[in-house]
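Just so it is clear, A, B, C and D label the chains in written order, and each chain counts residues from 1 on its own.
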Amino acid sequence: MDWGAVAAGLLTLAIYSFLYRDNPVYKFAESLLIGLSIGYALVTFWQTAILDKLVYPLFSHGQLLLIVPLLLGLMMFSRFSRRLGWLSRIPLALMIGAGAGSAIPAMLYERTLRQVSNSIQPLVTAGGQFNFSGLVVLVGLLSTLAYFYFSREHKGFLGSFAKIGTYFMMIFFGATFGYTVMSRMSTLIGRVDFLLTDFLHYLK
Amino acid sequence: MRTSSLRLIVLFAVILPLSSFLIASPIIAADSPQTETAWFDRRTLPALIASLVSIAAVLYAVWVIGRKKHLFIREIPGLKAVEEAVGRATEMGTAIVFTPGYGGDIQRPTTIASMNILSNVAEKTASYDCRLIYPTHDPVIMAVAQEVVKEGYIKAGYPDRYNPDDIFYISSSQFGYAAAVDGIISRTRPASVFLLGTFEAESLIMAETGNAIGAIQIAGTDSTIQLAFFIVACDYTLIGEELFAASGYLTNDRVILSTVKAQDILKLLIAVFVLVAVIWSTLNPSSDWWKF
Amino acid sequence: MNNQKIRWTIFASLFAVIVVSYIITLKWRIPTSPSVQKSYDLIESLPPSSMVIVSFDHEASSLPEIQPISYIILRHLFSRNQRVIGMSLFAEGTAIGYQTLNKLAAEYGKKYGEDYVFLGFKPQHISAILGMGESIRQVFPQDYLGNYLAEIPLMSGVENYRQIAAVISLADGDRTVQWIEYTGKKHGLTILGGFTAAMITTYDPYLSSGQLYSAVGGIVGAAEYEGILGLPGKANRALLSQTAAHIFIVLLVIAGNIAYFKRRKGGK
Amino acid sequence: MSSRIPLIVCLVAGLIMFLQYFSAHPVARAMFNQVNDWWQIIFAFTLFVGVAAFMNNSMRAIRRGKERPFKTVSLLALISMPLLAIIGGTKIGSPFLWTFDNLQAPMQATVFSLLAFFVASASFRGFRARNLQATILLVAALIVLLGRMPIMAYLSDTIPELTYWIQDYPSMAARRAILIGIGLGSMTTALRVILGLERTYLRGQ
């Protein structure tokens, strides 16, 4: 008997019991999942960060610079002290600052420049035909941008133009929802497959 | 410290190296052959120009527009609801659940924007004496959120009401976190749920559970796909940039408000750029100067 | 009906719809798209005991869509007695790849180390792809289980891409693009793709230029493949379940509107 | 002092990371990797802090008798993973991986699959034609739902084509504009952080 499949099957059903209502069986599965996943994270980070990036390079290869992150990491523990608690803000400031610094050009390039440049297409195709889709993109982009214009009340021309933008956004939201149904259903089909095949051995 | 010395720091630390960098970069770029090891990577030139233009716009907005007496920002529907949401939780004597989503870490500006709203919500919950529960998947976010909430409680004048145990790390696994938040929502039955930050697939798992217990839900995210689910399942949704503007609107922070103005200036520039480029490409299909 | 009861009804019906539609196997004759037929023909035309690399370039979350593809392609390979070198360019694909290979190899009575092998995962995928063109052993000195490649019978005589008949990349992102760009021209490797439905259009340009030999897309592609082989399996079932689920959701949207307009009429 | 140092650290770290983006020089790349490694080390320590707080809370709850059985399950599960890893390693066939594969992973997959149910309940409730905008949302969703139905490829050419057109043009245009806004908002937020104008997290005391 495959005890793994039995355990997995029972836990699968325990999680599904939440769909009826919150209950002790779900709560048990939830508590187990929380505990296991925290433990798993501890092991993973111990191996990939502490051992591989700190302990081995520092003690086996003598990369002394690594004392800095070691100290910064230890400073995090000052949170448990009332007097020295502010020390933990130094590693936090380093992480926040470094993240913000790389975010500026990265965000501008990926989120802004690339999107602008990908939206530009000639309104007349090579064959001399009017490019209706291109016009739709142009109007959609500009009107949605108008919706995100905060400096003025949305009245008059700006108001109506921004309103067109909301229609485009609704198309986007609706289409995205419809588009993702397939992958969401796939996850359920995957579990049903597991239950019927590996747990109940109903299907081969 | 404050403004004057801040400006000095900005001037020396940012403007000088950047401007010399900008002047020098085309020369360096023209001189050195494009190698994989150049000091200045020519492929990043568009990002560099965009960064400098943006930084200029932000500094202009903070120093010039920021001086104006009244900074107008259009109404954002979800924000009026924040007050209502806290009020309702107090009235009903229940808690508020606030969570930042699985997709973000502290590196992500969205998380910082979410923190600003959290700070405002914390001030309100402090003065109404309403419990604020903040589960997160990221221990760094937990640490920062504790600082933010503590500060909010101090600012509101009730430091003793702050309970660090209510701002906690719950699991690093996406669906461990989702299961835990679902459990918290269905057990504490909060009157209001705030889902603000970068969300992934867990968005709808949380939003539907919140909906099932009848909570007012205010969501906001920069994950475009999850926006669709929030729009369908939540009462109010801050769409993308609205989340960033919201933090200024709520805190009435002049700096944030003026940077929102800078964003508007840049949006105008982008609109003009797009129009010019579309006309240009229509008249001259072989051109591609607008390709990055 | 109150909201809670409506929710329960919806949940129970969805579960029933999926389970029932998954149990049914339809013996329908699905028309085969040219790209799937081309993939089938290629594997069919390889001489027995050819070396094929199967790379699991996807994450666990897209497993439901990718797995039917990997199953049917591996079934085809093993039934034709081809030899399979498994690997992954995604950390998450590693365990999945190993388990999938073992499961299907067992079905066909294949032996690890003689008929198939799993090399494991390499980060920095571009340098891994490039490096294997020089020497596979350099990039993967050991297999996933820690055996040295020199000691694995299957790998004797396998130096680099020159001994490889084809690469099959099962991807939910753009990893296959890197296979195409870093091996295609230089080593003249034949590359097949297995993709999630969402990714198919991304690969259209590579298909039409011939850089990508052919592709099996989504569960539709997998079901077509199962159809050719006459082995209706997971994809056939999933195809029916997906269709049923989509119809169910459409009906729910319509029912929601009917309920809304009825209530509004009653309210007035 | 206690409030100045974090601000300076933040500014310096931000500037360095900003500038390295524009360089392909090995020194810059190495520095970037260095900072990334540091980041992971600090993150791991922060994780220990978070886990310590979690265990602390659970122990206190157990002592108070609040939800005793469930907190005990969490704690035992938490401790068992590192223990299993120490005893049997983390390679294939180890009890650690068995636990992950047969307990944790299936539960995670199941929680993920709850989404299918919630997509269903949300689509019953969320697509009502209340006004023009809601109607557009409804129509777009219905067309794409039909177009994405796997067997639709055999039934009709128009609906799948229309679906692709919607996704590639009107929907994409709105998505791009949303992304542009997010890019700008992120940029100004990050800039405020580096310049010390945004320091909710560093204030206090």
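In the analysis below, contacts are C-beta pairs under 8 Å (C-beta built on N, C-alpha and C of every residue); 3 or more make two chains touch, one makes a residue touch a chain.
None of the values given here were measured: they were computed from a predicted structure.
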item: Farthest chain (mean CA position) relative to chain B; value: C
item: Selected pair, greater C-beta contact count between A-D and A-C; value: A-D
item: Distance between chain centroids, defined by C-alpha means - chain A, chain C (Å); value: 24
item: Interchain centroid distance [CA atoms averaged], chain A/chain D, Å; value: 3
item: Distance between chain centroids, defined by C-alpha means - chain B, chain C (Å); value: 37
item: Centroid distance [mean C-alpha coordinates] between chain D and chain B, Å; value: 15
item: Per-residue overlap in chain A, given as positions that touch at least 2 other chains; value: 15, 18-19, 27, 29-30, 33-34, 36-38, 40-41, 76, 79, 89, 92, 95-96, 98-100, 102-108, 112, 116, 119, 138, 141-142, 145, 148, 169, 172-174, 176-177, 179-182, 185, 187-188, 190
item: Sites on chain D at which at least two other chains make contact; value: 11, 15, 18, 21-22, 43, 46-47, 49, 51, 54, 101, 104, 107-109, 111-112, 114-117, 119, 121, 123, 125-127, 137-138, 141-142, 145, 148, 150, 175, 178-182, 184, 186-187, 189-191, 193, 201-202
item: Two or more partner chains touched - positions in chain C; value: 7, 11, 14-15, 18, 61, 197, 242, 245-246, 249
item: Residue numbers on chain B that touch chain D, as the complex places them; value: 1, 6, 9-10, 13-14, 17, 21, 25, 35-41, 43-44, 47-48, 51, 54-55, 58, 62, 108-110, 112-113, 115-116, 119, 139-140, 142-144, 147-148, 150-151, 154, 164-165, 168-170, 172-176, 178-179, 201, 204-205, 207-209, 211, 222, 224, 227, 229, 231-233, 239-241, 243-245, 247, 255-256, 259-260, 262-263, 266-267, 270
item: Complex contacts: residues of chain D adjacent to chain A; value: 2-3, 5-7, 9-18, 20-22, 34-35, 37-49, 51-52, 54, 69-71, 73-82, 85, 90, 96, 98-104, 106-117, 119, 123, 127, 132-134, 136-145, 147-148, 150, 163, 165-184, 186-187, 189-191, 193-194, 201-202, 205
item: Contact set on chain A toward chain C in their complex; value: 19-20, 179, 181-183, 185-190, 192-193, 196, 202-203
item: Complex contacts: residues of chain B adjacent to chain A; value: 44, 46-48, 50-51, 54-55, 72-74, 105-109, 112, 140, 143-144, 146-147, 170-173, 175-176, 179-180, 182-183, 186-187, 224-225, 227-229, 231-232, 239-242, 245, 260-261, 263-264, 267-268, 270-271, 273-275, 277-278, 281-282, 285, 290-292
item: Residue numbers on chain C that touch chain A, as the complex places them; value: 8, 11, 14-15, 18-19, 22-23, 61-65, 67, 196-198, 234, 237-238, 241-242, 245-246, 249
